[in-house]
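What follows is chain A paired twice: with chain B in the first complex and chain C in the second.
What follows is the complex of A and B.
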């Protein structure tokens, strides 16, 4: 993503060629001084109210004892944050259990979501009859919403009526695995479903990256006698580095924000072991009306993710040197 | 040798396709079964008999007005898409083509929020929506999502890739900025606008977390939010639940088949080229 911004900023800020500048000045003189702001205004209103203000407002809420149902919202400083860190507070156990659940899911799902789609993209990265069809088929689950795939997989993974256990039974494997009600199966289910659902998305991003690698590089490697594995290691992987970083970063963010799969498929089971951070935040804030505490969780969680992203960038930068 | 390799390649591709497609086919087939048929062990692949039991149950349902949810979702996704197209394209024009004080700052702020997990804003956005009296209305599932930076960023990159010559010709003919924008730039940007429209529609149609927590009245729900209720009400009556899931899937699957190129292009652009 850093590359995206650098490219964008460079384009936006670079002084235009002299001719362009002169002509553009002429064009601007025709418009009123307010014209640019009028073009921006409709979006900026939306962005200000629902994109920018909530960032500051969220921090503000987190510093208050903010019950959605009570008119009085006293300022309590870092009280909500202290609760999240002190083991004698009522929320401590629930909060860290949700952090643990989210960490488990992220650590298990991200490697698969980075590697499996790369394999798919490599399979599709040359032209052959039917290529568009296969690409669409791999991508298709992603256009279904999480509500649909959640209901569908709750059914498929049903211990008694589900297709998964019945197919396993038909080939002589155990047919009574509690896929959605016990660990570790619940984790296998959540990760497996998420890979099935979203790996086509990452595959499409990889495909675009693969097509940007110049064919001459592969030719040169072939001339030098490199075999398929050598070409993958020395041409494909280095060529994909920015795409890999992008996929890794966005996938970590997406996995850490998992909600619908756990909400619909395992429904938190067993106990509350698969109840994730986002789920805990919205329940705390919007079901139990403790918006202050939920906002503190959101801020803390955003900071945790920021640290992960920064570490991620650092690691990749270093490897590049 | 090569024909053998080609054979293996197609076999692998077909196997993977089966993994992706079978669950969706199973959803369709189950939605056409009777309750008893869906309980059979071992399961029958094809419905026996073909039945509209599941669809009848969701159509004549006053406790769970599924068709109403469908209409709500259609309205919300359509209005959301229009709102995104209008606001994002105007803002992108200003950011790509006009010079003004604060351009850099506003672009940096907009792009900066792309890195923010949207879930981290849910609590403050709920409080804001409540102050606006939008909770449990159609507006609350149409408007706030349009603050996303993606559309502006995506269209700005596209506008920058269009050569200025055509616009300059229009300016020489006396066109003002609004005319340049609506008569020159927008017609040239049809593919990008179509891509953004399809992606916005999909995103809004599939949105789950936000509607579940901001809509309450049964007749106000969107389809994804309602499906959660359907699961609670019908537990293991899978033909009914799968019929509901089909209703939520068919429009987006049709849209995907018709606009596949746009969806795929939009996603691959979101990667590197912006």
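What follows is the complex of A and C.
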């Protein structure tokens, strides 16, 4: 938007011939109004077809009892939403327990996924022998698919057969921790595996951000007598603010959408305590074929995430002011 | 580049929500009014003389059984010049979620293999078509099958599935481990007393003999079997109410959970850990599906045997399910294809002895009683179970209710709730789900 205004302002600066100024300005403004949309058109078409239309259609579905195959899809207004909020419906307990599971996972994983990669990036940004190797090593797990890391860790973390408990036992620690079948251990496992798996990605983004901070700023700070901590607080962190906002936002969204890890590693155990929202939506829509209810869950969940993102942006803007 | 990388990598995390919504949406466009008015196509599968047809068949045979199935299809294709069947295989889990979408978008198969307990759901939702004429041509009747399997193919008195096989839960025992504990490896325990006595012996030799998995595979299915052994049922006769919190059910569950308390099983057994421990000689007994026979045959280091489940409760019983052939309704019905599909089903049903080599018990009694089948020692060892096998009921929408059942057992086996509490809670939820299903399917 800012770009468009600048362009307009630049054109407006063209020397206006006396007399015809008002009319001409009106004409150029009309041109301005259409131009941005023409430029946006290719994207808008794609967004409309693959973004907006499915979203609106999803909202429409959520107002029906909608089965892909059944001929009757009665309109039930807010019935699907009411089920999610009324404690005597069959789905109420499941739904809120998966919201709770997702919230726990997000609250535990986001701080780690924001801080650990930052530390990693700071280390990997220094020059030392073997730097490229370590950069690759920390990024490597991210290349693997969730199916691979899920199965791998399920067996490593198995309470009775897994390598993790055997190693713990070998050094004299308890060797019967139920890493994948009981809480809070299951959360430790899910968060730990996710951090191991994805921290390389955030680290790479931080690394790119770090390399964008001009070296002169550090030099100037050093001249002014700033120590390492001061330089981190007053040069590195402010320089990374836009990157931090990006990392925080995408990490919250990614964590809130956790599915594969829980599906493969804990399989929801114990009971349904680690069954997450996206998993629930998939089950509801594709296993129980209740697209209406699944759509209602998706809409509600999207609203929750929208609120979180807005708060997130507000906080960062507040600091900027 | 970074954003590109991210969108690809976050597919399973970030993407699934939107992806799921989009899938629903796209599939939704297909519409549900697929009218397949082709029930009477062909002559019930006796033969097909029309122009050449290409048929797509979907199944979930991802194990060794898949290869045997493909060989059978190849044989069929060479014997039938005007019918060409091509096979697509998915994991069963994905299979049932892919099928409806594929069918409504016109990309579904012509023939689909389905578990017995899924037939009613797919019949009620108009995905598959009636097959009464095929049953007639095949001269199949209830007498040829276990009655539950035969009736399981019916929905509103019409036949939708032709049973191919039956696959019960069996009792696997590790002969090497038994021998080390001083037990006779050729005399697996068959009663409750023998079973607990054997476990006590194993415990003395430092082996936790019987790992109780809290997950559907295999702990949930073990509980399902024992519940029936104690004389209980999962649901009432009309499948209107859940009954898996009855006294027999609670007793069966308690017996199983007590295995952990008595030290015959470790706590917190992970998914597949029971079977892996069995194969590596860390336990001696495993209640597992008949499909593991082929897997164990590939592991020559393990000395093992398989027998019907020991009778722990007051009567013999074992979990079982059955694969069925179905014909999928198409958006634009092609009578030639339907006729060809029926010929295929007829042919394969008659060749089900070869299928038994895939590690499943043939559905047809005549094949089961043939000398050749009796030659398949291991599979044949489980055939007697079919007299008392407990198949899941044929009621639409039962998938989520069964999940509730298995989750209730999960909570009991992991010690999160007492057996009684876990099953009571499960039944309360299952009853609500059954009520929702009644409204949805109007039965």
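Keep in mind that, in the parts below, the second predicted complex is superposed on the first by the 268 of 321 C-alpha atoms of A that agree within 3 Å, B and C clash if a C-alpha of one lies under 4 Å from a C-alpha of the other, contacts with A are read in each partner's own complex, and residues count from 1 in each chain.
Going forward, contacts are C-beta pairs under 8 Å (C-beta built on N, C-alpha and C of every residue); 3 or more make two chains touch, one makes a residue touch a chain.
Everything numeric here is computed off the predicted structure, so don't read it as measured data.
Contact with chain B, but none with chain C, is seen for A:140 once the two complexes are overlaid on the shared chain. When the two structures are aligned on the shared chain, A:93 is found in touch with chain C, with no touch to chain B.
Of the two partner chains placed around the shared chain by superposition, chain B is the only one that A:120 touches, whereas chain C remains out of contact. Once the two complexes are overlaid on the shared chain, A:192 sits clear of chain B and of chain C alike. By the touch criterion defined above, A:154 lies against chain B and chain C together after alignment on the C-alpha atoms of chain A. Taking chain A as the reference chain, the count of touched residues is higher for B when chain B and chain C are set side by side.
Looking at the shared chain after the overlay, A:52 reaches chain B, while chain C stays out of its contact range. By the touch criterion defined above, A:201 lies against chain B and chain C together after alignment on the C-alpha atoms of chain A. In the superposed model, A:282 makes contact with both chain B and chain C. Once the two complexes are overlaid on chain A, the chain A residues touched by chain B in the first and by chain C in the second are 50, 54-55, 57-58, 61, 68, 145-146, 154, 158, 161, 201, 204-205, 208, 253, 257, 259-260, 278, 281-282, 285-287, 291, 294-295, 298, 301-302.
Contacts from chain A toward chain C in the complex involve residues 50, 54-55, 57-58, 61, 65-71, 73, 88-90, 93, 142, 145-146, 154, 157-162, 176, 178, 180-182, 201, 204-205, 208, 250, 253-255, 257-260, 267-272, 278, 281-283, 285-291, 294-295, 298, 301-302.
Residues of chain C that touch chain A in their complex: 2, 5-6, 9-10, 12-17, 20-28, 30, 32-34, 96-97, 100-101, 103-104, 125-127, 211, 214-215, 266-271, 273, 276-277, 282, 397, 399-400, 403, 407, 410-411, 414, 416-417, 429, 432-433, 435-436, 440. The touching residues of chain A, when paired with chain B in their complex, are 1, 3-5, 7-9, 11-13, 20, 23-24, 26-28, 30-31, 35-37, 39-40, 42-44, 46-47, 49-55, 57-58, 61, 68, 120, 123, 128, 130, 132, 134-141, 143-148, 151-156, 158, 161, 163, 166, 170, 196, 200-201, 204-205, 207-209, 212, 242-243, 246-247, 253, 256-257, 259-260, 263-264, 278, 281-282, 285-287, 291, 294-295, 298-299, 301-302, 305, 309.
If you check the complex, the residues on chain B that touch chain A are 6, 9-10, 12-13, 16-17, 19-21, 23-24, 26-27, 30, 38-39, 41-43, 83, 86-88, 90-91, 93-95, 98-100, 103-104, 106-111, 113-128, 130, 143-149, 152-153, 156-157, 160, 164, 167-168, 171, 176-177, 181, 202, 205-209, 213, 223-225, 227-228, 230-231, 236, 238, 241-242, 244-245, 248-249, 252-253, 255-257, 260, 263-264, 267-274.
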